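The following pair of complexes shares a single chain, subunit A, combined with subunit B in the former and subunit C in the latter.
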Partner chain A sequence: MSKITLQDLSHSYLQSQNKDEDWAIRNVNIDWQDGGAYALLGPSGCGKTTLLNIISGLINPTKGKILFNDEDITKKNPVERNIAQIFQFPVIYDTMTVFENLAFPLRNRQIPEDEINNKVNEIAEMLELTSTLNNRASGLTADGKQKISLGRGLARSDVNVIMFDEPLTVIDPHLKWILRSKLKELHQKIKRTMIYVTHDQTEALTFADQVVVMHDGQIVQTGTPVELFEKPKHTFVGHFIGSPGMNILSCQINNGSVTINGTKIETSNSKIGTSNFSKIELGIRPEFISFDKKGLPVKILNVSNTGKNKIIETESDGGKIKLIIKAGEKVPEGSAFLTFKKDYTYVYGDDWIVEK
Partner chain B sequence: MNKTVNQKAWFFVIPVFVLVAFNAIIPLMTVVNYAFQETFGNNQFMWEGTRWFKQILVSERFHAALGRQVLFTLIILIIQIPLGIFIALNMPKEGIGVPICLVLMSMPLLIPWNVVGAMWNIFALPDIGFLGHSLNAMGFDYNFTQQSGDAWFTTILMDVWHWTSLVVLLSYAGLRSIQPAYYQAAEIDGATRWAVFRHIELPKMKKVLTIAILLRFMDSFMIYTEPFVLTGGGPGNATAFLSIDLVKMALGQFDLGPAAAMSLIYFFIVLTVCWVFYNLMMRNESKS
Partner chain C sequence: MSLELKGIEKKIGEETHIYTTDLKFEKNTINVLLGSTLAGKTTLMQIMAGLDKPTKGEIWFNDQNVTGVKVQKRNVSMVYQQFINYPNFTVKENIASPLKITGIDNQEIDQRVSKVADLLKLTPMLDKKPNELSGGQQQRTALARALVKDSDLILLDEPLANLDFKLREELREELPKLFKDRDCIVVYATTEPSDALLIGGYTATLLEGKVIQHGKTLEVYNKPNNLDSAKVFSDPPMNIANINKKGEICSLLADNVTWKTNLNLRDGSYKVGIRPHNITTYKEGKNSIEISGKVLISELSGSESMIHFTNGDLNWVSLSEGIHQKDVGEETKLFMNSDEFLYFDNNDRLVGNV
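This part shows the complex of A and B:
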């Protein structure tokens, strides 16, 4: 049980670092409260697993500090940090039974045998492994094995933090859903700090209270799922989260107002003077766009029906725009005009949101 | 479904059949031929039935050679398998050390058998060889050409030097195929070094170790060239292993009948042990 603080954490797998790309993660600062459920979200190779391995002590960071409850544990090994970690691919001990697998981390810590018995039975109950407790672990299916990995992570009751590194990759879709809700339920029951690494936005958004979005080794935004959706601070967050993602359009600044080829667009953060940015863009989610009699002129390219909604792809002077309307609504033929909801329209300078 | 009958396909089997015939079937059948008959040359044969087999099976000389052979094979397996695993565990996993170690390890495997025998013969000579001379200088009474214990010691040392690398390379390959996540999970679970070896490394090496043990069993059980060049089976019959004894009987004494029977028994032992061993290992595999 502890609060986790990462201070100016940077790590590189190379001997010498000359440019930004040489760093696997750069200048990461995070404050995680005790007992929270957090997700680290980002595409493959963004540094999220590296960050996780630094927290667990499997990797020593090149720079920076890690604190558990304000105590510097940067130099400590995984056992001293007392953490649990579940990996992407199931790790089981082939020679042992399911029971022995679950008991392994407890036995290594010389916990009395009757206590181990109770704990293992409790965990097995929770993960529905009771009937297979005495089977050889190597004979189980992939998701059975991953349940054991999860179980080993949950077996110790005194861990500072439980970390999940894309634990549901090898699991069947419908079981994925069950295990995910199980984890959420578990978090509410045992109230331990949990960090969940994933590239799947649905997993991150459903599991976590706070989601940390990573991109190219940096944290681009930390926030609740709603914040990430409604106000992305970086264009990456905009198009990574949401399906389809945020529309990013090229735009111009004229006398403090935003225009796309002459059409003025109202934005929530348009009170910007002359720009010092090399790139100015406008971001709007497909959910906040609608057809109108006037506004931004577009050509309709393509309509796809998802059952409940229609996703319409259009072409404007600022680039392609996707919008979502209800399946029952009529789609204009050929060309049309679009209006954006002002509160959800943002201006981005060099990919970062322009603050008012 | 109508299958077309076309017996011409049998022609495709002919090259393989001819090859196998010349390289295995005909030589083996010659041996079988000798094993059941007596010959005095000039291609005159007399039927003897199972007489040679009975004779070999009760022969003290055969028992002694078989005993020496089993002892030798057991000793080298007991030394080479753990030693090979131990070296593989301690080999570097990355960097320039990897190719250096791999090349150094492969060296003994690339040297022809008779050269190994000759090298060790000279190396171990008590008066001028480095090993023999050093041992004597240190006060040991070492002479592998006259004392059977020393002959055994030298033969085993030579075989360990020559073949442990095979076990090392196979174990190393097995170890490298283990996902890093296993070690990381074990570290987090607080596993001791021994537990990591017992529950992760050893089970993952099981298949390559089966191969290693089988290969080392077969090779050491049929060993001929190296001890022949090193000790010639001596002193006396101290290091006359099965194959050395067999050659003595066949080509030294020209007892072709008993020698042929002995070859077949010898062949049968190797085959049986390999079959039993392989099946035991694989049955465990399917059970888990």
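This part shows the complex of A and C:
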């Protein structure tokens, strides 16, 4: 078990680097506390797999250091790092029984057989594999096989970190929640440092206490699910988390107050000074907008239904705005006014939140 | 213009894939076929396209019997779950391909391609090859090819299934707009209830080779005529519990939860169907009922929380707005909005919703 620190980490697959885009990951700094449940979340191409491979030792970073418990292990090979990794697709030994599969990593380390017995039974119990222990692993369903992969990752108690790389891809959608709850429960029981890599917001937010959001090779925010929803630090987080994502509108700053074509908008940033940003935007989630008698004038473009809610698409002088209202609520026709909840309205300068 | 399936049946050997089906789709409509894998969606679409022959029954298009007419002779386009494009052609050539064989002159082809490319936001990629594109752009190319030739019938077989969540959200929103001013019938197969709702139009719910219900999407959703249709049209899965009704009091058999109803039903046993979003961590509606349970997990989806819990010997799913984290094993209280309950009789037919 370990605390993991990534220090000024950057990596490029190119020989020389001239611009930001040449880097697969840029200036990554993180402290992952011992025993924490973390997720690394981002779309394909954001750099999360590169980062994972740097931690496991498959890639040597161009710049920066990796520390396990404050010890620099940047130059160590994957075996010396002592990590358990669970992949997208189940990796099992078809000719072995479920028991032998789970015992495999322990036998490799010459652990006494009675200790192995106890450990395997304990893991099998947690994953509800006990009744299949003597069966050939090849006969199991996809989720049964993936449970074995998970079990093998959890069997060793000496690993520094357990890393999951999109582990539920092969699982039937209707069974996903069951494995999600298993993973969550396992973390609560064994309190090992776990890092879960995924592009799926539900996977990340459900598993992790702290979610690290990556975009274009950078970490744009680390926070709890509530923080990511209520106060996105970067426009990408606002857009990526939530469905539909945050509305990002163009706005103007005049004497410290925010306006959209003359309509003043109250924001949670109390006073905005004169800025040197090349782009100033306002962010507000569809959940925090309502129709009102006055406010920002909009044209109604489209109404769609989710069963419990209506999603209304409107056009304002700052760009398109979506809002969510209850399915039973009336939608004004033609044009309307919107008001935003002040506490959830933020100003972004060059995509980053402008703090007080 | 209309497409009509009259008494269609499909058997392969002894096995029935489609049970006797009658469906009619009208001009300028989007029609969703909603059902899980193996419900028969793809088989039905292939029969509609003329790629597959029904064992029994007839297909009529514009009041003409087209049963047995080959796909080449019909004016049909199809888009599949996998991104199917010609790998050696540019995006432009891919989109133009269905027109090249029709003998339309090049100037007209160029005009139509650039119009469709514009609509699908592909203009900057026209000279690229499919493998240089993202998954979303590849599927846009396939859609553009389906749109460019003014088909009478456009069949979309789970076109968004292989896309990342955000791309899916974006394209799903655009789809109904693409077909808005077109003189054609669109059929859209999906496993996802939310797709059907957001696309709107008409929906047919399917289960194990049978069409259970067909009508306007919101009507099918709000008034499922039986429990199967309700189940197919609910994700997360609908909660179903046995209840007893005596006078105006209903009670859950598994727990001592009771509520009042003014439904005009005989006393006796029924089933109640409760959609997950009608069980929340906060009170909703005028007739809110408390239910307690032990948390199995709370799944967070960004702006919503899905709490799985047990009550009695049943597993329940609730869906609340906002982020509500609960620990595994925690005892919790939730609220059911009884105004939204669906009541079914012992033959699983809908007998009432308020």
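Here, the second predicted complex is superposed on the first by the 353 of 356 C-alpha atoms of A that agree within 3 Å, B and C clash if a C-alpha of one lies under 4 Å from a C-alpha of the other, contacts with A are read in each partner's own complex, and residues count from 1 in each chain.
Following the convention adopted for this analysis, a residue touches a chain if its C-beta (ideal position, glycine included) is under 8 Å from a C-beta of that chain, and two chains touch if they have at least 3 such contacts.
Only a predicted model underlies this, so the values are computations on that prediction, with no experimental measurement involved.
Considered on the superposed subunit A, subunit B and subunit C are sterically compatible, since they fit side by side. After overlaying the two complexes on the shared chain, residue contacts for A:304 are found with subunit C alone; subunit B is out of touch.
More subunit A residues lie in contact with C than with the other chain of the pair subunit B and subunit C. Across the overlaid pair of complexes, the angle with its corner at the CA centre of subunit A and arms to subunit B and subunit C is 80°, in steps of 10.
By the touch criterion defined above, A:13 lies against neither subunit B nor subunit C after alignment on the C-alpha atoms of chain A. Once the two complexes are overlaid on the shared chain, A:181 sits against subunit C while remaining clear of subunit B.
Contact with subunit C, but none with subunit B, is seen for A:240 once the two complexes are overlaid on the shared chain.
Look at A:138: by the touch rule set out above, it reaches subunit B but stays clear of subunit C. With chain A used as the common frame, subunit B approaches subunit C to a shortest CA-CA distance of 9 Å. Across the interface of their complex, subunit B is touched by residues 53, 56, 58, 77-79, 83-85, 87-89, 91, 93-96, 104-105, 108-109, 136, 138-139, 149, 152 of subunit A. Across the interface of their complex, subunit A is touched by residues 179, 181-182, 184-185, 187-192, 195, 198-200, 202-204, 287-288 of subunit B. The residues of subunit A lying in touch with subunit C in their complex are 43-44, 174, 177, 180-181, 184-185, 188, 199-202, 205-206, 225-226, 228-230, 239-245, 285, 287, 302, 304-308, 311.
On subunit C, the positions that touch subunit A within their shared complex are 164-166, 169, 173, 177, 193-194, 197-198, 200, 218, 221, 237, 275, 277-278, 296-303, 306, 308, 321-323, 325, 327-328.
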